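To keep things clear, I will list the structure first and then write my remarks on it.
In order of appearance the chains are A, B, C and D, and numbering begins at 1 in each one.
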Amino acid sequence: MGKGFASDNNAGIHPEILKAIADANGEHVTGYGNDAYTDKAVGLFREHFGGDTEVSFVFNGTGANVVGLSALTRSYHAVICAETAHIQMDECGAPEKFLGCKLLPVASGDGKLTPESVARYLHGFDFEHHAQPRVISISQVTEMGTVYTPEEIRSLADLAHHHGMYLHLDGARISNAAVSLGLPFRAFTRDCGVDVVSFGGTKNGMMLGEAVLIFDPAMAREIKYLRKQSMQLFSKMRFVSAQFIAYLEKEIWKKNAEHANKMAVLLEQEIRKIPQIRITQKVEANGVFAVVPRHIIQPLQEKFFFYLWNEELPEVRWMTSFDTTESEIRDFAALIRSLL
Amino acid sequence: MGKGFASDNNAGIHPEILKAIADANGEHVTGYGNDAYTDKAVGLFREHFGGDTEVSFVFNGTGANVVGLSALTRSYHAVICAETAHIQMDECGAPEKFLGCKLLPVASGDGKLTPESVARYLHGFDFEHHAQPRVISISQVTEMGTVYTPEEIRSLADLAHHHGMYLHLDGARISNAAVSLGLPFRAFTRDCGVDVVSFGGTKNGMMLGEAVLIFDPAMAREIKYLRKQSMQLFSKMRFVSAQFIAYLEKEIWKKNAEHANKMAVLLEQEIRKIPQIRITQKVEANGVFAVVPRHIIQPLQEKFFFYLWNEELPEVRWMTSFDTTESEIRDFAALIRSLL
Amino acid sequence: MGKGFASDNNAGIHPEILKAIADANGEHVTGYGNDAYTDKAVGLFREHFGGDTEVSFVFNGTGANVVGLSALTRSYHAVICAETAHIQMDECGAPEKFLGCKLLPVASGDGKLTPESVARYLHGFDFEHHAQPRVISISQVTEMGTVYTPEEIRSLADLAHHHGMYLHLDGARISNAAVSLGLPFRAFTRDCGVDVVSFGGTKNGMMLGEAVLIFDPAMAREIKYLRKQSMQLFSKMRFVSAQFIAYLEKEIWKKNAEHANKMAVLLEQEIRKIPQIRITQKVEANGVFAVVPRHIIQPLQEKFFFYLWNEELPEVRWMTSFDTTESEIRDFAALIRSLL
Amino acid sequence: MGKGFASDNNAGIHPEILKAIADANGEHVTGYGNDAYTDKAVGLFREHFGGDTEVSFVFNGTGANVVGLSALTRSYHAVICAETAHIQMDECGAPEKFLGCKLLPVASGDGKLTPESVARYLHGFDFEHHAQPRVISISQVTEMGTVYTPEEIRSLADLAHHHGMYLHLDGARISNAAVSLGLPFRAFTRDCGVDVVSFGGTKNGMMLGEAVLIFDPAMAREIKYLRKQSMQLFSKMRFVSAQFIAYLEKEIWKKNAEHANKMAVLLEQEIRKIPQIRITQKVEANGVFAVVPRHIIQPLQEKFFFYLWNEELPEVRWMTSFDTTESEIRDFAALIRSLL
């Protein structure tokens, strides 16, 4: 299999990240995060997000979302999210299982929530028959490849806080969002009122590793137990921490996301030249969604694997990643043209 | 920090394992285990455990135990284990949380269960007020460094099956047990009636990675969902699979465990020469337990970190690992002597 | 407070039901359902629903739904229901908490599901990232006072079974439905392919008591443990069983539901004479939904309590019960007229 | 079946309690506890336990224990209890399932915990690998028929609070304890430092009904949601409240418990006259435990049903209740003599 456009998860490890793992190998260090690598990685996150940020590394995105939400909820709470959200569609019910909470899905064409679309669920407060709305959870980048503006995030945070609720941000592709907005991480998260962030590394060139970021220390008091009980505590933690050190210190997050986003723009440009294909979402990060003639899907997938997003239209999703090349995109566009 | 004897978790990655990760890097492969590395790794496990073994890779030992037990239980079941078992003592209640089951701890001097010690919990069957005994869970190597004989395991499996129950084996240190017994893995697990194994890699030289092994395909039907919902599905799975390929194919499991066990024997020999120290458990794998004079603990820990096991006695635990050296052990013994 | 139209839950106990409780008092009987009252009550249910029906009495409607669904699901499953369903709106997340399952709400004007409206969730089978669709859950009578025809139920059962799924029926008001349809219970449940029924007694004149009915004995094997672990096992069971004996044997279910439904029709007739009020749902059982001028709501509630259903329209819900009187309805209509 | 000595659960409803249910019947009242009966019943509890006591009525004892403990715990906590405790032995794992917590059983000959016996579990604080000890849970009366002195309770409360933990009291038979001690409820609960009480009514003459009592309002903030989500909220609440009104106002709790305890003393006296039977526990409430010749058990059970407590000895449990008569006891003793 070549690279294809299936998922940024299908890419490997960026060479500098791999080197960081190798460089951290050697002596014994205390397990479970009581080590100098982890201290340093946490410090780097605090440079980006503020000195009192509680940073908890976990294995994967589902783990980050569930552990982060567990700091904000008890089982009688409800979490409002887009119906396309990873926590709703792609985690096999892990949030319901671990949190005991109800997820309230909101229809959304572009993957975003708005104060207006969320409003339908903002009732039943103090009424014990009703799962209590507690968290609004957004994805930045959204699962539809779109990016919230800081103002959009601020309006959701204000709404949440007005109701005594919290704003959670699933940042599996947060670096792509930062690059897209041209803003530091903090400017569209903490500074906009986000309470908890799932900060993703895996989809942008790390081997594995995500971070749960909690900005209010009072909310973070139980996080170490919640992480352990949710099976997300890594014994040889240094090997995630070392990756994050390289990722942040050498700005690999930025280089990789810039490249992936740029490749998505190029892909969009090439595709827009093909009249039989209709791009369905704004291309703001590293994903391109398009409605394509059905007969080209299978032959195209044989050479460049990707996923069908909506079988009925049919709509496809093409993801670029840190190692996508221009020539791949041009070959892909050429193949499409030859199939039409 | 030098190496110390704190935990085999504190060691790093065996060089050949690290190389296997690097070698698996490069092209895109499908995520979540649909890749050639995973196919090959699964095949290697099947060579050891039988062709119909269902193999599910997970991140860590707690994950392996919980996911494996989830295949055997519903929430009204009970799991009988030693009171020293990892699932009872070291997983922050993850089994209760995820499974909903009751854990029934059995007092055990050497970390082992016996048909006699388990018998006290084998009642209340069919009585709905009583959490139904469903699984006997043993650790091989035990948390006390001892190793079950195949006969001991067989007797527990027979007892479990006689009552319509199952036998689970927490093999976080299964390679050390295999080496200790001089037997293939299968001879003291599947062939003795064990139903589900947590096969550990992390403590014996891997970066991370454990495998849930289920021998009856009928029990494994739901495992892929249970693994995903328990947040134990790795997107870039190839990097665990590649480690296991090297681990099994190049017999790193064996070399590492042989070395660690040998170092434990050497440590035992050195310690037995010191009359003020009393070794409290048989040294059958890579752990040495000993009651030591209280005043030497802190100065000793400053040079060679290790954990206090039982504060009252005081009893300490010294673990060797794949990279423990003879000179370390001799230095350690010399330091003890100088402190006494 | 007079009677009002708030809820059939606000009514008391039908005199013959109360007498049955008193008559069952006296001697000691074995607790937890091992008694002659329970045997008889179970037998009566089997006359209605078939001789192999597994009958489990529980305390309340939420308990019935959760225990019934627990027989059909494991935690990685999803339950499709109307967004107005009791399990979605009125149980404070008890299904998610106890089952661990995801609930998938379907928009529905009249409280009913259809094969078309359910279809959007019938995908992702065998895909482990996706909570697996397992149950379609309908309410009969719906929360909007409408009643499914047997054909409508059959079409949903067929759809469910076609996908290896099950059909659950929340029958908190099942007697009102039976009377509305003029059919025996079985004709619109088991005979239409329903797999599990929550059979309600509380809202139709009992003090408390619901029954979980499972038609396939294989699905019922674990039900006694699931009921106990969900805290729904009544020690002095005879006092629920005795109520159900009277309820079924003396056809109190029928008399009460006939009366309540008749009163709803009368209420509808009276209301339809008032042009400023618009009835919003078909009146097929014992509930009347209507959009009313906002200014009359509060003065009306002071004399006859009822609930606001939709604050924005504003839409109100008026429920009749077994003890609603014609004169109450006429007084109510007269008061409305005087307020307009 | 006659009355027997199986369980106080096998008795019926005290006539004055039944009358209270009947008297509360009639008009409509708001459901779920927003009614004058519930207000009055809560007020009566506050007279006994203090004006700021949060009182939550639930269906059954398992519900009371689980809901009460849910106010004190999150899932990573552990609850220490006697190995004979109802929460450990008789609730089918409901605490683990609903709370997600680990239960830590303590061996106890007489059903009581002591600071010494509990101490073995008071470690691992702040260590995330360890389920955090959070609650000591005692039963008063214990499951072995013994009664804690206020001093014994105080010493456990002090120990719990010293460690930042809480003391929970399972008072399924709290009235028998009050009568046995000759003290008001408060004197051996709240005044001794107990934080949460499960106050039982069912075993002492009520039809059904238990109360969760929380003395610190800060701990009670979430209780209404936790009760609802645990399926323990009764719609027609007035019928539990009315029972508690009669129970407390007319001192039925006292009369019934005095009678039952007195009957146990009489039974003890009669049994002590029979040399072949050995009473194994102090008779301090309404239970008598005894080792009896094996051959008399079955013929005895045919006339007077009771439970075998420990099959090996064999030890039996005889419970008296509010309606046990002197003649029954004398007949029972006579039958035993005739069988020996």
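We take it that a residue touches a chain if its C-beta (ideal position, glycine included) is under 8 Å from a C-beta of that chain, and two chains touch if they have at least 3 such contacts.
In this text the structure is predicted, and so the values were computed from the model without any measurement.
Looking at which of A-C and B-C shares more C-beta pairs in contact, the answer is the pair A-C. Using the mean of the Cα atoms as each chain's centre, the chain most removed from chain B is C. Note on chain placement: the centre of chain B and the centre of chain C lie 50 Å apart, centres being C-alpha means. The distance from the centre of chain A to the centre of chain B, with each centre set as the mean of the Cα atoms, comes to 33 Å.
For the pair chain A and chain C, the distance between mean C-alpha positions equals 41 Å.
In chain D, 32, 75-76, 91-93, 97, 100, 128-129, 131-132, 225, 228-229, 233 are the positions where the chain touches two or more neighbouring chains simultaneously.
The part of chain C that touches chain D in the complex is made up of residues 1-4, 6-7, 9-13, 15, 18, 21-22, 24-32, 59-63, 66, 91-94, 97-98, 202-203, 207-208, 225, 228-236, 239, 305, 321, 323.
Interface of chain A with chain D (complex): residues 32, 74-76, 100, 128-129, 131-132, 222, 224-229, 233.
By the touch rule above, chain C contacts chain A in their complex via residues 75-78, 88-93, 96-97, 100-105, 123, 128-132, 311.
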